[in-house]
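Each of the two complexes below includes chain A, the first together with chain B, the second together with chain C.
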Partner chain A sequence: MLFCSLFFLLPLLAMARFSLQNVPVIRLGWSTLLDKWSLSGVTKAFGEQEFRDALGLSVKLAAGTVVLTLGLLVPTAIWVHLRLPRARAFIEFLTVLPYVIPAIALVAGIKVIQPHVRWFLNSDLSLIPFYMVLALPFTYRSIDAGIRALDLRTLVDASRGLGAGWGTTLRRALVPNLRTAILSSAFLTTAVVLGEYTIANVLLRDTLPTFTAMYRGPEPQGSYGLALLTLVATTMLFALLSVLTRARRGSADVTSVALAAVKSETT
Partner chain B sequence: MTALIYSAVRKTFGPTVALEALDLALQPGELISLLGPSGCGKTTALRIAAGFEKADGGSVTVSGADITHLRAHKRNMGMVFQSYSLFPNLSVEGNVEYGLRTRRMEKAQRRARVGEVLELVQLTNLAMRYPHQLSGGQQQRVALARALAIKPQVLLLDEPLSALDAKVRTTLRDEIRRIQTELGITTLFVTHDQEEALAISDRVGVMSNGRLEQLGTPREVYRHPANAFVARFVGSMNELPATVLGASGVRVGGLAVTTDAAAAHADGARVRLLVRPEDMRIVDHLSGLSGTVASCTFQGAGTVLGVRLDVLDVLAAVHVAGVADLELGERVEVGIDGTRALCEADL
Partner chain C sequence: MEGRTTGAALTVSPIAAGRAPRNWAWLGLLPFLAFLMLFLVIPAVSVFQQSLKNADGSIGTESMAQAFRGQNRDAFLFSITFSAAAAIVGVVLGALLAYAAATARRPRWLRNVVTSFSGVAANLGGIPLAFAFLALLGRQGLLTKIVGAFGYDLYKAGFGFDTVPGLITVYSYFNIPLMVLITLPAIDGLKTSWREASTNLGGTTWTYWRRVGLPVLAPSLLGGFLLLFANSFSAYATAAALTDTSRVVSLRLAFFLGGDVNAGEDAVGYSLASWMIIIMAVSMGLYWILRKRAERWQQS
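Let's look at the complex of A and B:
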């Protein structure tokens, strides 16, 4: 446990020292451990117009991806559980593919179709469908785990038997009971969007990760400071999720999926 | 009050026939239990009435209106499931008023109705609790209240007691019957527990392999089973090898037993005589089949003796009223009353 903690924390500490200590790298050591800590590198980045634009775009992309992913996945996963239970294994396999296939392969595919859908790819928000695909292995699993923890068929039957249509059943009987899974899915999607670099870079979009990479040239400290900040923010999101999950009973599966996903995201 | 009628309802799942032309009519205010082993089609019949399954053929009518193709949420059925099925995110009150909200009932009316049904199931003091804060019995009473709140035309109960422990099951069973009688609501009750079915039903339908084998009052089904399946499934039954002696009797071991059931078989045919434990009795010396007491199970109101019969080498169950004054290993003689016995060809 201690070894695992050190394995995880030491590189982060090194990163924090590099980005937040105004000490030349060559002099970083035990004797300078407490010297000249400052957020100036990061705050300087906050002052850049490009940073604010990139952050704004990433937030918009995250929000759009979360909304569309949940809008598509929640009804789909419920439908699969109710109507196509035998297809679950196949669908799970499909949703894992984006995890197995490198993002650069997806980009190569985009390049092939780019001349035909330029009208679509011209928009900054055209990244959303690609991010939805990239987040699929985490989001689908999270929602799937939430559904498995419910007695879905009985809840649906009970609701329909009481006179509720599909819309009401989804809104009043299912979504509230999938709240933890949905939150987890939303956080995972956000983490994916805030961390994705390859596609945004190839499609020449200025998102937070591309800005962070670009900023490494003129301000390496600020760049790593931003990366660290992003990591801390996503970790806090998942800590919050963990607290919310513990507050609700029977959601252990969802938490474990989320935590496994954030681990893979950070590595 | 409402009548529910199944007319030649058929349902298959792939190659499996779940229901084979089911004909069943529930009279207004009647409680019918569908009783049968797992996979006999009883739950399918219930789910077809609720609209959760579509019949392949035949029709279902409620008060004369054909509801065969009506969607589940358009039917006015109250259903209680085996697995509680309460919405975990809603309190008891929220669960009970769920169906009233879907019907867009005004808040004041809704509150009044919720109070009414919670009082009916004696849960008024738990209105603000959540399902995970309730016992199994309480959850099932909430489910019952939720089903009744919408004033359903028919109440459908899908093994609502099977997840409960014995004592709660008996209490809730009686409570269901009390409420059903009080409201006069037509009710279809599905169970695999014969004791439950016999205890609370106006009529019992025994099902096997998608067919309704017999429909009758609990007494009819128990005392005059239509066939060997019903006889074996409802209550316990001794099966004794016998030989037909003309139209009015059989010989069991060395004992001649008078029974009308022999008439359906040829003279001298080898058959199995099906006799209830209470139709066998301990008799005086040399007037029955001799055997040895092998077990003695005290059941409160009576005792069931297991007697190993010498000639047949069969362990027969014999019901004795009160406490049997017999020891294990004691020699006894067993007489048979064939009046209500059945004969089945011994293949």
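Let's look at the complex of A and C:
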């Protein structure tokens, strides 16, 4: 147990030290241990125009992916639960497919069809549907779990019985009850997008992860600092998620959502 | 009364006897299915389509075979080896950690901390993770230097991020938590009453594990192995940031996609991807089956 905690903490500490302390390892010793700690490496990175562009792109991609994912999956999941219970096994199989086709193979496929759809792939935002695919196992599972915890049929019947159309039912009866699942999906998707490197790298896009990697050449400290920041941001997202899901339901939900964290693209 | 019951018994619902009406509800799945087709199925199928071409352009499996020869074969062997090794390490350490977390009674917050941390760590990004390990164990790494101060040169002893031990070290960072997450429910399913029964019948700890515990956990453990294997085999970002060796299949594929290819060898490159998909499909298929078996024990 102790070994494990050390194993998990040390790399993070080492990265933090490297990015925040301006002393090269060679000259590091007991006497220099407390020297020159500063945020200058990181703040310098913030000043780069390329960084701001990359960050902007990543944020846009994350937002777009979350919105489209929810827009596609919430109605689909509700539809399946209401009208097509027998399709559930099939859909579950489909949501596992993105594991079987690893990101690097997916991007190989994208390269194959690239000449045919250049008009689409020219936009940086074309990464969004592929990110949706990558996040699919997590997001669908989240939403599905949320729906299963509801009494869907009763809610829908009651709402429709009171005269609401589908839109109102969705907006005022179902979505508020699915808040936890929706938030889980959103957070997980954001984490995936902020960490996605494979597809962006091969397709030569400038997202936050690819920028961080590339920045290592000219400014190692800055890039390590950025990596640390990404880590901290993702961890906070997950911590927030934990708190939110635990507040609503028992531990089963946290485990199932976190369990859906079978490594995605972020490797 | 008699007549009525007979009459009721003879009445058969026409729907039950005949065909079920066509279910138009499947149309509702159209957006989802279309999305998947466009952005998942078509790229994947294209990969296979490209890999079934011979060097002269005709359809054939020559390229698929070529993808398993020479340097490619070495790459596959290396990748499968280190993925399996990393998976084993992950399974053993992860299962032990899960067991400790599940059965520890003091301190009480231990299990929650382990679960939450595992949830985060299992999803840890490729770039940040790689950088963290570079900072720790790279040539200029903190730990490298500390160990060096004791007179032991890590790199001269053969350590490196492009070796099996090196990769195992890094990959364990997300493999172990993943295993913990998968195994905790399974361990929870081991009822204490079984343990008590075994002891009552005169069995030792070893007997319990050999006859009850491990057989029940076996599907989960094997499934975990497959999952970790698939995870490690398909990882790209972490490896890419750590090393540029061409012995890792995913990196090799990336080099090919980046234009590092001889003329006419297109199909071989895509065959690499196809073989990756096939290996993943087999692993995940087996994992799925094992998980279904493991879930039997978790429904109490």
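Just so it is clear, the second predicted complex is superposed on the first by the 231 of 267 C-alpha atoms of A that agree within 3 Å, B and C clash if a C-alpha of one lies under 4 Å from a C-alpha of the other, contacts with A are read in each partner's own complex, and residues count from 1 in each chain.
Basically, a residue touches a chain if its C-beta (ideal position, glycine included) is under 8 Å from a C-beta of that chain, and two chains touch if they have at least 3 such contacts.
The structure presented is a predicted model; accordingly, all values stated were derived computationally and were not measured.
Of the two partner chains, chain B is the only one touched by A:154; chain C is not. Within the superposed three-chain model, A:127 lies out of touch with both chain B and chain C [touch as defined at top]. Set against each other, chain B and chain C touch different numbers of residues in chain A, with C touching more.
In the superposed pair of complexes, A:193 makes contact with neither chain B nor chain C. Using the contact criterion defined above for the overlaid structures, shared-chain residue A:45 touches neither chain B nor chain C, since it reaches no partner.
Contacts of A:72 after superposition on the shared chain: chain C is touched, whereas chain B is not.
In the overlay built on the shared chain, the residue A:143 is in contact with neither chain B nor chain C. Of the two partner chains, neither chain B nor chain C is touched by A:54.
By the document's definition of touching, neither partner reaches A:181: not chain B, not chain C.
In the overlay built on the shared chain, the residue A:135 is in contact with neither chain B nor chain C. Overlap of the chain B and chain C interfaces on chain A comprises no residues. Within the complex formed with chain A, the chain C residues making contact are 23, 25-26, 28-29, 31-32, 35-36, 38-40, 42-47, 49-50, 93, 97, 100, 115-129, 131-133, 135-137, 140-145, 172-174, 176, 178, 181-182, 184-185, 227, 230-231, 233-238, 240-241, 250, 253-254, 257-258, 269-270, 273-274, 276-277, 280-281, 284, 288.
On chain A, the positions that touch chain C within their shared complex are 1, 4, 7-8, 10-15, 17-19, 24-26, 28, 72-73, 75-76, 79-80, 83-84, 87, 91, 94, 96-113, 129-130, 132-133, 188, 191-192, 194-198, 201-202, 209, 212-213, 216, 223-224, 227-228, 230-231, 234-235, 238-239, 242, 251, 254-255, 257-259, 261-267. Here chain B touches chain A in the complex through residues 50-52, 71-79, 81, 83, 85-89, 98-99, 101-103, 132, 143, 146-147, 150, going by the rule given at the top. Within the complex, the chain A residues that touch chain B are 151, 154-155, 157-165, 168, 172-173, 176-177, 179, 249.
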